[in-house]
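Next come two complexes built around subunit A: one with subunit B, the other with subunit C.
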Partner chain A sequence: MRVLPPLLRRKPAVAVLMCVPLFALILGLVAYPFFHALFLATLNKAETAFVGLDNFTFLFGRQTFWMVVRQSLLFALVAVVFKALIGLAAAHAINTIPTKGQRKWRGMMLIPWVIPPALSTLGWWWLFEPTYSAINWGLTKFAMPAVPWLSDTFWARFSIILVNVWVGAPFFLIMYLAALKSIPGELYEAAEMDGAGPWQKFFYITLPMIRNIIAITTLFSIIVTLANFDIVRVLTQGGPLNTTHLFATYAFRVGIESGDIPLGASVSLFMFPMLAILAFIILRNVRRRAASLA
Partner chain B sequence: MTAIPFKTAPSLRSNRRWALIAAYACLGIFVVFFLFPPYYMLVTSLKTNAEIAELASNPWIVTDGVTFGHYEHLLTESSFPRFFLNTTIVTVIVVAITMVISVLAAYSLARLRFWGSGVLATGVFLTYLVPDTLLFIPLFKIVGWLGLLDTYWSLVLVYPTLTVPFCTWIMIGYFGSIPRELDEAALIDGANHLQMLLKVFIPVALPGLIAATIFAFTVAWANFLYPLAYIYSESEMVLTVGTVTTLIKGDVFHWGGLMAGALLAAAPPVILYAFLMDYYIAGLTSGATKG
Partner chain C sequence: MALTAGRTRRNVLKAIGASAAGALAAPYVKTAGSAGRLRLGVIDHWVPGTNEVLQRILARWGEANNVEVTIDFITTIGNKLLLTAQAESRAGSGHDIYALEFHMVPMFKHRLIAVDDVVEDIVAAHGPIAGLSRQAAFLDGAWRGGPAPAMNASAATVARRDLFLEHAGIDLTELFPASDTRDSAKVDRWDWEAFGNAAVALHAADRPVGAAISPVTDSSAWLAQLFASYGAAMVNEQGEIDADSDAVREALEYLTRLAKVMPDSVYAWDDASNNRWIISGTGSAIFNPPSAWAVAKRDSPDVARHLWHCDVPRGPAGRFRAFNSIFWGIWDFSENQSAARDLLRYVAEPEVVVAMLEASQGYDLPLIASHYDRTTVWAEAGPPAGGLYNYALRGDERTVTDGYPAPPEIAARISMQRIVPNLVARVTQGGETFDDAIGWAENELEGVLRG
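Let's turn to the complex of A and B:
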């Protein structure tokens, strides 16, 4: 441990002072709202009486709520798997071509991730429009049947996952590409000398070297995907018949649109245990990685 | 024995050539997948209403002449310029608040130790993992108590909860990587904390600062949930919500205007990335992987 220069050692007051705005923000606009959400969840719709856990027992008795739970989990898992696979394939492809052209390809593929999702989803909404769907125009040109993208439960769920994969895959691409670049080239050269083919190189060098990044990126993406709002809100508003609602869109419907703030807060809070577990695992991963680097 | 080098050398080379061909094929498919929706938005925004409404022609190209009418209408006869102005005001203020809070805190957390600083750094990371959809309902009450409901100042209040944690986190990483010899030299020259921060830390960590600024800008520009929940008057709306909710009303074939609005609203972040992508990616990947 180094001896700190006198100025730094002498003035903890300055150090604390510099953190006050950050501390106030976390305390006032994150921690306090969280506890207030717990309090709200125990009130009746008019917020006049304490009802204990009635909001939760009400939700547990509703089929719609269980459908939201199932749909959120299905959506998050399927979307994250495809985002991870497409991101990895794209990153690997970029890393294979000559360095000169890499920046251009990467730039083009990042565009979906740069456009605000609520706005790009509008474009998808228009692509899925029942009468004018340009995708269906293409499908019928190749003698395939038109697809009821947003009016059929299966296809509506499919469409939402498709758009989420489209928006989110570039994030994986960036993270994986950075990880691939950090693998020393000598490892591959040595493997080639030993006669390793491309698949062997991938499974015995690439994957083990970037395992940690894959884990952190995937966990992080599960949080973001589970908490998604924009895509479902713009594309289906939860329909048909509430079958595409996620926690966030259902909480918005119940809490803001129907004006039952306590019930909406309860739905949102339902995400918390899942997020807490994921956050705990990420934190452990990040710390372990930091320790291994130090 | 001598046959081996002659045999492996060409096979290695052909292996590489096939890998290259496969890579380009893959990239071609992905680029089509990633770019066809914005392409189609652009094509739609340039078509006349008559062509958008008509079903016979190929929807993927403009056949009936390019028109800028949708853009003109948007900029002169709709609330779109108002949304743009509101978004710009909110974003600029949020970015400024974010950078002040996170640079001060990151300097303190990276260099000065005090009781509880480790816990606070972990807290910052955990706050970064809190999504906007978890707390929007209690924040709705708080925004209401403060009398900010239905004004864009509500967004100025709540957006920093999304931007500050990550910006602080990456600034801690950048500040932490500055060699301590540099502060010692500055201290010997008699610099105080403020001078050290302004003259040494900020210039040296400028790439990190740029990355954090872009992050804050993107989040503030793109958020959809908070303005949808807290703002109802057209005069207070920002681009995301204004485009999605107000441009849809009106005549049946609003698609041209809608696509033009979405593209114009998305232009500032896209242009920013075109110039500063490398900084942002460096900041993002270091922030997520560094301890």
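Let's turn to the complex of A and C:
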């Protein structure tokens, strides 16, 4: 039998070695692009001279940029709230089904989340198509007025949020369902013996027990929702009147399509401090709650 | 057709006729080094069947020159052509020859090798490249691409002759006949007001005219020709912001009226929406190359036989047609630049240009004036017979591009940021005052001009 070298016989060394591929991935796909974006954001348009924070100060004077900031926050907040509510309701509904029948429902509910968003959004685009919307075709069959899904500011915003909720709600569902299943049944039995009703059980047992999962899921969802690109890109390209642009699509328009990469990098980095602060607060609270439970 | 403002095709031909005639007979001469492998990224053609013809032409050239030619047809929908170019230029890897739309040449000039020798050979053999196209590709004293054999196109008025006659009382076939017999006095009355009056009548008949006012290329194109015809510009030739002008207000005032009789969906149209719309039979006019007609001929022949291509309406400052010149550039990381240069020379040969013109059913307008007289495709295309005759510029139209008359680099950014469509939509859809909308545009233009 071959004997392992002394270094590999030490558990910490093996652990570090096994983590090397992960570190390499994080370095290559997260750290390097991030620092490169930071570097790009400090260059002039031609990428030939260092300009410090000039790109950021320039952005602060642009009306469209502030509109994008407001829209991104509106989009993320509304979408995450609805995803969380729908996910929670659906998780509860599935959790009440006998275990035997749950699998098919879980599978069906996950479909929107597992389809590549660019493809599923294309399907939505056909439903919302400006002139030949399939939904409008149905509405007019029932003598109802057609809805300008993508050409009116309100409806265009509604449409991109709707699609984002459709894609993202299953993620909340599966996280909440896992959390619900981890709650000991004895807690509910004891509460019932004390005469607690369904709402009391929900507010005094379920919610406290899944609070950490809610916080982490919400944090994760805010990050990916704020960074959303494909839905807006496929459905509206930021229109009408730039009123559906998010950070990512506006950064793309300015950086890639208009050839001002440093300004585009500045737009995309703008959300980093906001998300960092949010992540710090949420994760600190999660850690404190976990510590108090321990 | 890419001609300098103020010069028609006929005038240019007169001027260059003698020199071009001799040069046209010159055979294509292959230079040394045409061997190895060449990868091309070219535009996926809108007209069905055209890609295959280009593929055959290039394959034949490859066989004759011992070059393995591979072609990727890249769609312009969703700006994929631009995105691929950005990726390749930053990575320093990809195709050898890449098709560049008008505004892409200034964007990528730092990564495109100078091809002065190629263009000089082409000009010596076939005559000059027209003014507007030259402006796009002759940058900082060097040519950054050679004329492409495919996808050069203009945004003509594509109208239903039956509906215009029935509901607006305008006989487009009489106004723009399929021969050189047009009555200039009648054509002179074909202005934006006349078009607007027709649009009102057609809207009343539930057959409205339509053109995109959304963040896409089609919007920029037709609004460029309308703005130019009012003398309206975002940035002038000196590179100064010029949006706050009477001309811009006049154009916006007209568009406010016109937009009311167009479908609301134009604010969300993409580059294929106007095609689908006229092919469906719902619409009565769009601004487009003949791709809509070509697809209608295949899918909706009853509509196709009524589609008539004609001049763009005139404005107070003249008559302008948006023209998208396509150039094939060679990346500086290409490993086979010698063969690439040879191929650029070859695709400017008359037989290639004519073959592509016929394959595209007249869609691909040549960038070299002398090539226009080598085909009768526009006269023969149909049905309807003569429907494409006036797609090739025949009258007093001058060519223009979005961002005009700003310098190429600035015009590219004005176009790509869709400033004009957004300005118009702010007024016509958003209900903003002219002052507010122009103020917004000026704020955006400061970003365009920043160093």
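Just so it is clear, the second predicted complex is superposed on the first by the 242 of 294 C-alpha atoms of A that agree within 3 Å, B and C clash if a C-alpha of one lies under 4 Å from a C-alpha of the other, contacts with A are read in each partner's own complex, and residues count from 1 in each chain.
The definition used in the following text is that a contact is a pair of C-beta atoms (placed from the backbone, for glycine too) under 8 Å apart; a residue touches a chain by one contact, two chains touch by 3 or more.
The structure presented is a predicted model; accordingly, all values stated were derived computationally and were not measured.
Undergrad: Regarding the shared-chain residue A:F34, is it in contact with subunit B (first), subunit C (second), both, or neither?
TA: A:F34 sits against subunit B, while subunit C stays out of touch.
Undergrad: With both complexes superposed on chain A, which partner does A:N285 reach: first (subunit B), second (subunit C), both or neither?
TA: Neither partner.
Undergrad: Check the residue A:T42 against both partner chains and state whether it touches subunit B (first), subunit C (second), both, or neither.
TA: neither
Undergrad: Just to be sure I read the superposition right, which of the two partners does A:R233 touch: subunit B = first, subunit C = second, or both, or neither?
TA: The answer is both, since A:R233 touches subunit B and subunit C.
Undergrad: After superposition on the shared chain, which partner residues are touched by A:F23: those of subunit B (first), subunit C (second), both, or neither?
TA: In the superposition, A:F23 contacts subunit B only.
Undergrad: Would you sort A:I256 into first (subunit B), second (subunit C), both or neither based on which partner it touches?
TA: Both: A:I256 reaches subunit B and subunit C.
Undergrad: Tell me the contact category for A:T131 with respect to subunit B and subunit C: first, second, both or neither.
TA: both
Undergrad: State whether subunit B or subunit C is in contact with more residues of subunit A in the superposed arrangement.
TA: Counted on subunit A, the partner with more touching residues turns out to be B.
Undergrad: On subunit A, which stretch or stretches are contacted by subunit B in one complex as well as by subunit C in the other?
TA: In subunit A, residues 131-132, 233, 256 are touched by subunit B and also by subunit C.
Undergrad: Considering the complex alone, what residue numbers of subunit A touch subunit B?
TA: 2, 4-8, 11-12, 14-16, 18-19, 21-23, 25-26, 29-30, 32-34, 36-37, 40, 86, 89-90, 92-94, 96-97, 103, 105, 107-112, 114-120, 122-124, 126-127, 129, 131-132, 134, 137-138, 166, 169-170, 174-175, 178-179, 192, 195, 197-198, 213, 216-217, 220, 223-224, 227-230, 233-234, 247-248, 251-252, 255-256, 261, 264-265, 268-269, 271-272, 275, 278-279, 282-283, 286-287, 289-291, 293-294
Undergrad: Show which residues of subunit A lie in contact with subunit C when the two form their complex.
TA: Contact set of subunit A toward subunit C: 44-46, 58, 61-64, 130-132, 148-153, 156, 233, 236-242, 253-254, 256-260, 263.
Undergrad: Sort out for me which residues of subunit C touch subunit A in the complex.
TA: The contact residues of subunit C facing subunit A are 78-79, 82-83, 86, 107, 214-216, 263-270, 273, 276-277, 280, 282, 412-413, 416-417, 422, 425-426, 429-430, 440, 443-444, 446-448, 450-451.
Undergrad: For subunit B, which residues are in contact with subunit A within the complex?
TA: Touching subunit A: residues 8, 12, 15, 19-20, 22-24, 26-27, 30-31, 33-35, 37-38, 40-41, 44, 52, 55, 58-60, 100-102, 104-105, 107-109, 111-115, 117, 120, 122-127, 129-142, 157-158, 160-161, 164-165, 168, 180, 183-184, 187, 192-193, 218, 221-222, 224-225, 228-229, 239-241, 243-244, 255, 258-259, 262-263, 265-266, 269-270, 273-274, 277-278, 281, 284-285, 288-291 of subunit B.
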